[in-house]
Amino acid sequence: MVKLELPIIIVNFKGYKEAIGEKAVYLAKIAEEVSSETGVTIAVAPQHVDIFRITSVASLPVFAQHIDPVMPGSFTGHVIAEAVKEAGAVGTLINHSERRLILADIDGAIRKAREVGLISVVCSNNPEVSAAVAALNPDMVAVEPPELIGTGIPVSKAKTEVVTGTIDVVRKVNPDVVVLCGAGISSGDDVEAALKLGTKGVLLASGVVKAKDPRKVLLEMAEAAQRSEK
Amino acid sequence: MVKLELPIIIVNFKGYKEAIGEKAVYLAKIAEEVSSETGVTIAVAPQHVDIFRITSVASLPVFAQHIDPVMPGSFTGHVIAEAVKEAGAVGTLINHSERRLILADIDGAIRKAREVGLISVVCSNNPEVSAAVAALNPDMVAVEPPELIGTGIPVSKAKTEVVTGTIDVVRKVNPDVVVLCGAGISSGDDVEAALKLGTKGVLLASGVVKAKDPRKVLLEMAEAAQRSEK
Amino acid sequence: MVKLELPIIIVNFKGYKEAIGEKAVYLAKIAEEVSSETGVTIAVAPQHVDIFRITSVASLPVFAQHIDPVMPGSFTGHVIAEAVKEAGAVGTLINHSERRLILADIDGAIRKAREVGLISVVCSNNPEVSAAVAALNPDMVAVEPPELIGTGIPVSKAKTEVVTGTIDVVRKVNPDVVVLCGAGISSGDDVEAALKLGTKGVLLASGVVKAKDPRKVLLEMAEAAQRSEK
Amino acid sequence: MVKLELPIIIVNFKGYKEAIGEKAVYLAKIAEEVSSETGVTIAVAPQHVDIFRITSVASLPVFAQHIDPVMPGSFTGHVIAEAVKEAGAVGTLINHSERRLILADIDGAIRKAREVGLISVVCSNNPEVSAAVAALNPDMVAVEPPELIGTGIPVSKAKTEVVTGTIDVVRKVNPDVVVLCGAGISSGDDVEAALKLGTKGVLLASGVVKAKDPRKVLLEMAEAAQRSEK
């Protein structure tokens, strides 16, 4: 498994029209440059169809948005972890609020990711669910209050108790699990606040993808992460 | 929308280990050659992550295995039709027995495919469901009795009444819809039988993907299709 | 199977707090009385746990809100049609917009209802989907544009083309299927409009359940239905 | 919330034809008698439609097989916890292997059960998932390896490490959570083995429901539980 330096900024491209096909490659290139300039790890999570297209031409960690907890086989329309890995991804989101899984499948997807060598970033919606996820031994948990996703109201400022509560319970249940936070993160300040609360990074989407100047926002975020490391 | 010559052989790669990544490209290349030699349309339906990889290097119709009935937007882990199209696919399977959709979403996915210019091939499990699908105006319906999928017992011989029943009701409900059949198709004879029953092609998977010599089986199938056309 | 006189007014209790337990029995009693006074068929569709409680004390047609398309067996948390029937229900809703099913399961649930002698009322969201449903041979289809459900804006006035479009296509695909409409129906006028468009009844919920005086609204609706019959 | 004496034997009626309607009442009566004779807590989990019918005539703890994590409202075909409670149930199964929930909904259903005063018994499939469940603060977790369900091969003998592993991790994550086990339990010996491993009871189904003489098997089980308490 690839080992990523922390802190990490993961940009989820979701299904945004600004982030598919050629535009996905363009945004990934920006992320690669900003990461290179600042030394801060920046990963992208594009549509499955765009993973190979990005890994062919850009050198940055690429995550899938979802994998299914199944062995290669008769699973039409499912996402096979081995195929994701071979396409060049280094990790995968699991259980994003827009792609929830049943509990046994979160367990299965984490095991599957580990088996094929993908970093697992499991999303949760509150501290209790974060603790539950931590019990399943993922690499990272990203807590995101669904009501703030896409709002521009940053979890790291508006719901600090969700973030610190998650850090507390995850430390108790499984201290090896890295805690990220997400929802409403759209500026360097938001990232800085997230890291100050004790997280090791952020998961975000529209804050960068739908920004007027994605490069500028991402640079601002990376610089905030850089400062926090000192 | 691309216009494909009929009859058509669609090879569904599912999530088979023999048909992901480089192996997916290899199989697609075989399909391209056989199609070129015989003049029979052969399409492949690989994992989403492999669509672009195949369309970059091979010249044959590529189908997605599934699309979601949504506009580009906040849909992490969903399959955006626009992204599938930009990756070079010409069509998509919808409602495969391993990836069933709620009825309103089949309707939505067919509309979405039409909107972005993807050929829609909707799977069904019996004549009544085929008629229901035909009422939604897809390009093609592929009837596949689930109990025969992957068995090597061909629907075109073992359940001819399912195939002819489908052709009859689809003609009544919506004669513009092309009828394919699938399940257990693994030889040229099976394809010939399917076409003799009145279908315009077949949807198959393991019969080719897991064959000892996929090229040989596919060639045999294409030649059977060629004969049927005379 | 019980044969119900048309037109029919089906009051869906959903999961409303005004319509569970004792309150469900109270509302069912009102419906029974109004039906008895006017001669118009009024059915109720309560929570599963309330079916037996109602059928024990009231004499009116009771529908389940959902059944699963399975044989009795190892199906914890599923709704077994045989159990619904034995509890005294005469029919069941299938595929309500709040409880959508995959297409093959709609087919299965309709077959299951027929097998055990329950009237099947399948919900749809537009004319195309209504035609698809009609191809599956249910007893009734209830077209309900989801965007109007619970709004008080009646489909029978605001979206007449959805209702007449459904009647047209259902007649073509399967003239034996009775067409109802629903969404936003909350007055006698709305019911009258629905019947004038050619439907044989209405499916409604909040219009009665959340009315200040459910008895009065229901009486008004039944009288409108009565008038339409003349 | 009702406080139940431990150990507990929960008989899940699933959707078995031997356990619906009148037969559900009959089995519940047997359970009531055996519990009364032995002093051991025996609960039953019937189809939702049968809950009220049983609680009207029998005096024993009745569980729902599932509840939905929603407030009363527009949720056709969902199971409203408040309605389950008013029907006389004292608790509910959650996340049974035949009715899996997404993780956030398990959290929601546990909260909902607590809010309305229902005992929550959450099913899990292995120790890791049991630990995850325990982090969500249910009243009980019932670990059941899916591959043994319905086989007659008792988890308490064939997979003791799953049971003891669950007890260990649950104690660490949340010692207040009561651990039950299930799958393949069909005799007094199996129950005794389960209690000796440290569980506080069993969840079973076919072992009693499909027994030639349910009363005899249940009595044997209750006596085994009785002995274990000494």
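Letters A, B, C and D name the chains as they come in the text, with residue numbers starting at 1 for each one.
Going forward, a contact is a pair of C-beta atoms (placed from the backbone, for glycine too) under 8 Å apart; a residue touches a chain by one contact, two chains touch by 3 or more.
This one's a predicted model, so the numbers in the text were calculated from it and none came from an experiment.
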- Chain at maximum distance from chain C, centres defined as averaged CA atoms: A
- Look at the interfaces C-D and A-D and say which one is made up of more C-beta pairs in contact. C-D
- Query: If you average the Cα atoms of chain A and of chain D to get two centres, how far apart are those centres in Å?
  - Reply: 37
- Item | Rounded Å distance, chain C centre to chain D centre (Cα mean) | 34
- Query: Which residues does chain C have that touch at least 2 chains other than itself?
  - Reply: 97
- Message: What's the contact topology between the chains, one of line, ring, star, complete, other?
- Response: ring
- Query: Which positions of chain A touch chain D when the two form their complex?
  - Reply: 95, 97, 100-107, 124-126, 128-129, 131-137, 169, 173
- Item | chain A - residues contacting chain B, complex | 12, 14-17, 20-22, 24, 45, 47-53, 64-66, 70, 72-80, 82-84, 86-87, 93, 96-99, 149-150, 205-206
